[in-house]
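Labels run A, B and C following the written order; every chain starts at residue 1.
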Amino acid sequence: MTTIDDVEEIKRLKARYFRFHDLKMWDAFLGLFTPDVHIEIGDTVMRDPAAMVRITSAWVGDATTVHRGFMPEIDVTGPDTATGVWSMDDYLVWPEKDGLTQGMRGYGHYYERYRKIDGSWLISALRLDRLKVEVFEGGLPPVPTV
Amino acid sequence: MTTIDDVEEIKRLKARYFRFHDLKMWDAFLGLFTPDVHIEIGDTVMRDPAAMVRITSAWVGDATTVHRGFMPEIDVTGPDTATGVWSMDDYLVWPEKDGLTQGMRGYGHYYERYRKIDGSWLISALRLDRLKVEVFEGGLPPVPTV
Amino acid sequence: MTTIDDVEEIKRLKARYFRFHDLKMWDAFLGLFTPDVHIEIGDTVMRDPAAMVRITSAWVGDATTVHRGFMPEIDVTGPDTATGVWSMDDYLVWPEKDGLTQGMRGYGHYYERYRKIDGSWLISALRLDRLKVEVFEGGLPPVPTV
């Protein structure tokens, strides 16, 4: 196992993050994070994988979501630690409400940390900083708080 | 040649797939598939490279097309076999018809198989599953059937 | 250092290109190019890193910009030379003018050359060819010429 193999594994970890999210494979999604993960997306802070899945799956349950990452900068900082920066966009569309489209398009960067546990890379920290968010005319459903 | 080199070669194969398609380099595009390739895009099934090129080039002849792949998950499963999953989007715009824009934006995933023949990786199977398709107000030209 | 490591380094170089541009980290952006870089974007030709930064930073000073690359095809052609092709898009939005949105969405390909100097890959040539440009109803501010 060389550094470049670790870099590729971490890219695949993030690929599963997007794919499991958008296909709503929540059980598999849950397995991508360390037990002590720290996640900050907008004003929402989540401190364990179960909270991430509970809040996310409740929020987008009725929505079609498309999330993508681009242009990764992965640094393997030790035998079982790494950091990454990703450009990202997301496109979320809920069913119409009062004839108006609910949803958004967003652009930004993920700043992440990874840890290798039992031979598998997992996400241990994730912060999303936005360049731009465009909310559609119907607004957004509130993010669940529990 | 290590696995990571094969993974990079398969990423480049798919990069040529998109580039040759969007630049309408059909002779080069033809060379990206195994002779027995199996392709499923929507309701259209194509069973050899010539059919893929004939149908695709006829459909988008008048269109500007932009296809992109994201977040590959490539598994090299043997010395000359591999599988891949890609997030994708496409944006197709035909000339206006009756003052209305014909075209679409789509989002989804490619599920693919690859085979290495004479040292070169080729696409041997491709299925496109959609997350979302947005057809513009002028609709889409019919996909040629021959 | 193997070829695949060089390929990954060049991908990271281009990742910094996009990130430093969109976050307007112009001092860091300046350091991504060889002193003799040759850049052609539309009708604008720039022949050194300072010109690139001066013109770009002046043009997008008031704008939010989102640039991304996809599907790289990197060829390492010698111990310190390489070429690359990237699919790209950009999304530029300036403040409204007379109630109209100024900006554009564009799609195309970068054709690039890279040179390794003192162990670091840098961009030595960049040409952007467009597939499609969509200018918003408020048009675009003129590109500075100095």
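Remarks
Throughout what follows, a residue touches a chain if its C-beta (ideal position, glycine included) is under 8 Å from a C-beta of that chain, and two chains touch if they have at least 3 such contacts.
The model shown is predicted, which means the values in this text are computed figures rather than measured ones.
Any chain bridging subunit B and subunit C, meaning touching each of them, is among A; the list is complete.
At the interface between subunit A and subunit B, two copies of one sequence, fewer than half of the residue numbers in use are shared by both copies.
When the CA atoms of subunit A are superposed on subunit C, the rotation angle comes to 120 degrees (nearest 5).
Subunit A and subunit B have Cα centroids lying 27 Å from one another.
Residue positions 4, 70 of subunit C are each in touch with at least two other chains. Put simply, subunit B touches subunit A in their complex at residues 3-4, 7, 70-73, 85, 87, 89, 107, 109, 131-132.
Contacts from subunit B toward subunit C in the complex involve residues 2, 4-5, 8, 11-12, 14-16, 18-19, 22-23, 64-66, 68-70, 91, 93.
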